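There are structures below to look over.
Each of the two complexes below includes subunit A, the first together with subunit B, the second together with subunit C.
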Partner chain A sequence: MKIKILVFGQLSEIINASELALLAVNNTDEFNKKLFELYPKLNEIKFTMAVNKKIIHENTPLNHEDVVALLPPFSGG
Partner chain B sequence: MTDKKKHKVFIQGAITPTFIADSIAKHSGKTAIGAHDIFLGQVRNDLIDNKTVVAIEYSAYEEMAENLFHEIREAIFVKYDIVCMHIYHSLGLVKTGEICLFVFVSAKHRKDAFDACRDLVEQIKAMTPIWGKEIFEDDSHVWKKNN
Partner chain C sequence: MSFTQNNDRYHRQIILKEFGETAQQKLLNAKVLVIGAGGLGCPALQYLTAAGVGTIGIIDFDVVTITNLHRQILFSVNDIGKQKAAIAAIKLAEINPEIQIQVYNFQLTNKNAIELFANYDLIIDGTDNFATRYLINDACVILNKPLVYGAVLRFEGQVGVFNLINNETKIKTNYRDLFPEPPNPLNALSCNEAGVIGVLPGIIGTMQATEAIKIITGIGNPLCNKIISYNALQNSFYDFEITPVLNPIETFPHNEMEFLNFNYEWFCSSKDNVSVISIIDFEELRINEKITIIDVRERNELPLVNQFDFISIPLNDLPNLLANIPTENKIVVFCKSGNRSLKAVKILNEKQPQLIAYSLTGGLDAWKQFENKN
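Up next, the complex of A and B:
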């Protein structure tokens, strides 16, 4: 079980990477818990999550090779 | 008749006035059109903590953004009576005074062109995963916040 993580915008500076991998997480709640343990500074900024390019609003199951993206507030245009 | 063909939204660097002029010229054959509305976003020299923005560096989750642009386009075609629309957004560095967003909506009549163009720009700003890093003269930066 391996989850690919894409990190964008300001979050990539906080985490100091644009791509990560996490092992052994079954859903996005577990994913979040693990992520905040590893990177407590993430508490400083609001962000949303996308699983396989769709924004999620509630706990979502994760499968092998899913792609989770961490998206800080958008500022295009 | 509607023109729904997919084109690439992202352009590396600034969108040039020549590119915009050429886009307008390409519509001269579409004689059912009676109204064009164009929105151009330009990089502004904001003053933040006494430092002046000299450029914005744009990045995006490109695959997700392309999917969303497609969904937004389809919904706009359903909602308004328009003939065609084009969206272009910069990636990478765009200096102040240069164009970073070009939204072009064509319709039979002005009301649909105005309404669809405004709706489109608001949706692009709110929904697409694009980020702007505002660069100052001394090479420091802040992450742009949209209103």
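Up next, the complex of A and C:
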């Protein structure tokens, strides 16, 4: 299954891919587990996750070609 | 405030059929509070003033520094060292002397926010730290005020509207639905250290002013329950739909009393094992002991400190200049607000574990406030 991934802010220094081919990933919890295995530095940064532009707060099913976006908070003004 | 048809000032927006005299009158009747007269606040203030928002409040306790000038476009070289809010008010009155401008040259806290916000219809967040952002959000939720949020870093910016009900879905969201918990300050970046391209807050601050005008006048679709992320290098916009957290962690104040007792500095502080020192303990320590004080701000940052001796090592240079630090005394590290000093102490703990080092909580901002009180 292919999941498109968009990253924002300082996350782009950790994840330099725009698409991940992940087998046996059915939902965002499984996706996160794989993602943190691939990019352990993600543990250092808080971010919000959106599936197909909708921000999620709990485990959400994923389908082929879904777009997952990761947005960290900024504080600059 | 009265508005007459003969007033040519607003002619070009009044002739817009979606806008007209009705929208202009709504702007003239409106009261908007802009928090922070910085990179976001300056352009937002300029456009809201020019557009004819009847009453504008500006709250900022900071002074102008030379590092502000590349993005904070209300200020000039002659303003360096002066109060931002006061200077902004003078410049804005030159643009439009027909509106009321209120200046608040003090720091926003949970002790003064409710009373201040109650006087305004809409709040614009142009601040530069997470503690104040959560504070502003919570006060707006308690008072049910629309909040126009903006934030920038490097080449990317975020803009959104919180606490405004979507009339179709009846859903209303806020900052805590977007970011329920603050990031660890040891890992979060500020513009002071990570940088920001000057035009970026100009774009995001102008978008904030646009949203404010849309909300006040009722034209168009405000960014209700949405946040837009803009990337200046890629020329790309991406929007997120914010959904309410259904089972929130019980870490937010639900009413005015809980808000007054909520410690925002602690909420946004590092829960890592980095030693910190309060202003009062620091004052006692520097009088009673020989200590080494390190300033990790950039070399040209204000305010200047002449009340005690210190060595200056900007945070980015610290790993290469560890040899400059005397090892016989306790160390207190300070910066402007207490975030960079936390990172510095973490570096010291890793590289020189034999040292006893503390980060000054609240930084120079808090220390200056303490000095003024005593």
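Definition applied: the second predicted complex is superposed on the first by the 64 of 77 C-alpha atoms of A that agree within 3 Å, B and C clash if a C-alpha of one lies under 4 Å from a C-alpha of the other, contacts with A are read in each partner's own complex, and residues count from 1 in each chain.
In this text, contacts are C-beta pairs under 8 Å (C-beta built on N, C-alpha and C of every residue); 3 or more make two chains touch, one makes a residue touch a chain.
All of these numbers come straight from a predicted model, not from anything done at the bench.
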Per-residue contact with subunit A, leading partner among subunit C and subunit B:
C
Looking at the overlay, what does A:N16 touch: subunit B (first), subunit C (second), both, or neither?
neither
Going by the contact rule set out at the top, does A:L6 touch subunit B (first), subunit C (second), both, or neither?
both
Does subunit B (first) or subunit C (second) touch A:K46, or do both, or does neither?
second
Going by the contact rule set out at the top, does A:A69 touch subunit B (first), subunit C (second), both, or neither?
both
Residues of subunit A that sit at the subunit B interface in one complex and at the subunit C interface in the other, please.
6, 8-10, 50, 53, 69, 71-77
Footprint of subunit C on subunit A - complex, ascending:
6, 8-10, 44-46, 48, 50, 53-58, 69, 71-77
In the complex formed with subunit A, which residues of subunit B make contact?
41, 58-61, 63-64, 67, 89, 100-101, 121, 124-133, 143-146
Of subunit C, residues touching subunit A in the complex
36, 38-41, 125-130, 133, 150-154, 156-158, 177-184, 187-191, 194, 196, 201, 227, 229, 231, 238-243, 245-246
Seen from subunit A, its contact residues with subunit B in the complex are 6, 8-10, 50, 53, 69, 71-77
